[in-house]
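Note that chain A is present in both complexes that follow, paired respectively with chain B and with chain C.
Presenting the complex of A and B:
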């Protein structure tokens, strides 16, 4: 995610975006129907552009679009069905329906990957850990330590290699195998040594003290989270029902038919647009409750009555900010 | 009531032949800010750890250790965690969690503190120490100074009555050290927490300390603070024979004669990262000791790696006449230590360096490790590991020596030993670049000093001139 950009759904408990994105991704995987897939792809692409930025999305598309094209072009060779013959490649016939089915499958894969990438940006490790069950109170600590270990070891491997490389007075570095063995041995010893000190640091702060661990949660589940969750659950249920109808009526072969009524796609359109819309909304500052004033409200009473007391600098300037 | 009391305590590590503490008796009154001084290996860390049963070392303990009037033998881990806090030397190794908020809450979670109370304590501790602006940051993104403040916060949030700190500022630059000590002082005076700090550089803490103890020969004795004031941070000046014709002035005037020169060097980690080095110019003459000073994170270590040719500048160029005969001492000596025994470590590069066991044995003698040849390098203290890694580099007689914080964790005697060794190496014609916060060491060994700021070298002057003109250093 681009630095400094507000986190979408930052004002809601993590369970809300997790439910929305998990539900959307799951339905996207199950609804293999061109209109659903196209809408899902557009929603996922706009969500990715908004939360990950243009550069990161473009880097992803650089391998995702060729993958889409590959699946699209390969499908006629595995499923030579359809009624609209486009061309013949040797003994194989290529039908428009078969190509469309391949394009749908490829687009579905890309859409799902984009949803996952966007979700990984929005649901940071902290927020995901907030969803861990109450009984698994040590899980956040274990995950937290494990997530530090890999980057730390990679960083140390770079330091070890750079140090050895910089010591040219020590002669030849040896073969690749020798270097790998040397580096891995050093990293292992280093990590084991660190783990002894870290274990001491943990025990010094009450780890294994015999008490049942409690859990500090950065986010609290509030009424508005429950309302949002209920709304999303309802929308997901509606989408599932509509998708069931449209997917049941749709046929790729022998001719593409059974697209269903237009209104059946409305809930799905709202669902796939929701993550992107939420990230757009989060970019705009809250509406100023005291337009035209730079003065700070004082106390709850003044908030409810819309009264504010001038700051010292306001008083000096005759009330002007 | 005493906060901490040792009554004729002797302690011998398991497998060791001689005790590290021998009849040590001391008493720290409640509310005191006590300094525990002594040379490397004198038993300061052992003494502190003995007051914390859950991390006390394995060995034979004789005598009685009492914390807040209660024998630590009867203290269960829960009571100990609540009453006595502990801050370790290395801020990296003591970080358990990957975010600031989680690190602060970790101890409280272990104690089973209810969530509501936890929130209150974390909030108050953040306010007290000024952590709020980086409360949601990842620990990996913090500077060294911030990490050590976080370590302090993680201990304070548990509201201990006694706080033990083992060399807490040895890895900080002078400014970060002052900030840390000011916070520690506030915790002592405003919250009434008894503070015991083990250190071998007591000078910066004298303004805050109320009493001091020295560990010598395994025994503790009270030391007047006035006596510690004479323990200057500066080490004895080691005169050299540096020829100024090849020094900084000459190098500045004629870059073509410099042993190593960097011209308009820019470097950043990653395409979107900030510039760590920018418009950096530096030139050091043959046989010159150049100190590079600057705050934590100003790019000193990156500069050494770029000069060594291990990182390629995004712009500018580095000319290194000794590229084929150079050596780099990284901040952590563990990046150099790869063998099973101390003697094998020194012998690893013997073929390229053209030396034998006799020279390695002599080096062991210089390190004061003649009896530890068959020990694993990791069994040495942090300071001894640092000396071992440096000696390993010096044995191959490099023409260019790049040292990153070589005196980190060393006591005064060891720093003087390193200074003498570097001066003799310089006199053999080796160019030495030292990135360090240790101004006493700089005064003793450096011919010139470069101040790094905002990715570049702001000023380079001969050492005496630099300190005479400096307002801060």
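Presenting the complex of A and C:
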């Protein structure tokens, strides 16, 4: 049987990639220092290339790189500080330090956007729902229901307009504004009435009958998830400590100085490379590297191509391992 | 009204008291960090905004609304997100603020916040998630929350207050979204720089405010009637 499409971090509980990506993004935003930012940008770019593909990343870079240039060039004009005068544009002086600070900020912005985009690709909605505590019921149901309703409403809006257009008894069409108001009000009433019926149907099927929420896909927190989480937390703490020292010694103004020892950047290099490396590891198919994995890719001949399924033993035992 | 039925538990009462403080803490933190010249303003203020959004959402969860009462919130959030997608070709013409205000007035301040925040989160599935998502969630949530507060005080029945907040919401939204960008990514920040950035975005913010007023003028009566009708019909 051919292997299914690999899912990045599919073999680990969702909390592991969530912690890794959230921690990396947050530290990137807090450690505003050129070396950290450049390393973060390289890591984010490689992660994006691996999980989103070359085309999607290039499409994003088409607006992100001009943005980087804009932030870089705008900074000297907003805040003229520094000691190395590069040129004078009218009454404004452009200093190298100010330009470098702008470039750092622009690169930081692009890196953070890339981290977010990569994280949004890896942490799909069902995996995020697995992160919310089992006792939280209201918000997960609102989020999942609203996300299902958005495409349904876009389709229903067309149905309402087509029905009104076809029905001569519906009266005068009116202007564009009247049509929009009428369509949207009908859509609202339709969806509200539907949703109350849906709520009653959900109650009839046992919603709120247990203390904790049930889920479509089981995500079990195992020993190796705990180990991975502990490792990531340790690495994040080490990176934070190193970043604290390097950022404290770094100065943009009046002259750029205080870059710190090279080994202080090692943990950060490992951290920003980790998401990309993990997604490469998940690309190697077939062998069950982690027996009893959370999320086994299934065969392409199945209808559930690319969708994770709980293991058969979990299904047989009603969700209990 | 749903908002009144939601607050029963002690935890929910504590969270209700903390909500306005959390909402006010975000701009206060942004201003303090920028004035102090902290280099990592972007990161720290993002954490504050995330904590604020999380606190409001936990407050909604802790109020344990019944399943039927959740439905109008989900529907309005989805409509706001769909409306933003439909009006995407027109820059800064978004119905999200107007729908969040209607939701706040009809369903209570917490539902107003949840509708605004979820509309931002869900519509960004189409537009792309990024560091702006938490800020949009906060800004539109705030618009809905204030709409709910004004609605609870009965002020939104007066056209000047309704349209006044509608217009102001565009400016507030713009200030928050531009504020995080300017305060976080321009360093060292000077007053002329901040004012120049605000002035540059003013036409777009005014467009957003005017569009919100136009959307409110169009949907306030028919949508309010439709929501109230369902709330009364099913005793939500």
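Keep this in mind: the second predicted complex is superposed on the first by the 244 of 321 C-alpha atoms of A that agree within 3 Å, B and C clash if a C-alpha of one lies under 4 Å from a C-alpha of the other, contacts with A are read in each partner's own complex, and residues count from 1 in each chain.
Here is the rule we go by: a contact is a pair of C-beta atoms (placed from the backbone, for glycine too) under 8 Å apart; a residue touches a chain by one contact, two chains touch by 3 or more.
Note that the coordinates shown come from a computational prediction; the quantities given were computed from them, not determined experimentally.
Applying the stated contact rule after C-alpha superposition, one finds that A:71 touches chain C and leaves chain B untouched. Look at A:198: by the touch rule set out above, it reaches both chain B and chain C.
Touch criterion met: A:168 reaches chain B, while chain C stays clear of it. For the contact definition in use here, the residues of chain A common to its chain B contact set and its chain C contact set are 137, 141, 145, 147, 185, 189, 193, 198, 200, 202-203, 207-208. Those residues of chain A lying in contact with chain B across their complex are 125-126, 137, 140-141, 144-145, 147-148, 151, 156, 159-160, 162-163, 165-172, 182, 185-186, 189-190, 193-194, 197-198, 200-218. On chain C, the positions that touch chain A within their shared complex are 39-40, 42-44, 46-47, 57, 60-61, 64-65, 67-68, 70-79, 81-83, 85-86, 114, 118, 121-123, 125, 128-131, 133, 185-190, 193, 196-197, 218-219, 222-223, 226-227, 229-230, 234, 236.
The residues of chain B lying in touch with chain A in their complex are 52, 54-55, 76-78, 81-82, 85-86, 88, 90, 92-99, 101-102, 105-115, 118-119, 122, 136, 139-140, 154-155, 158, 305, 308-311, 323-328, 330, 332, 334-338, 348-349, 351-353, 378, 393, 396-399, 402. Within the complex formed with chain C, the residues of chain A that make contact are 26, 28-32, 60, 71, 74-75, 78-79, 81, 101, 105-106, 108-109, 112-113, 116-117, 119-120, 136-139, 141-143, 145-147, 149-150, 152-154, 157, 177, 180-181, 184-185, 187-189, 191-193, 195-196, 198-200, 202-203, 207-208, 247, 252-253.
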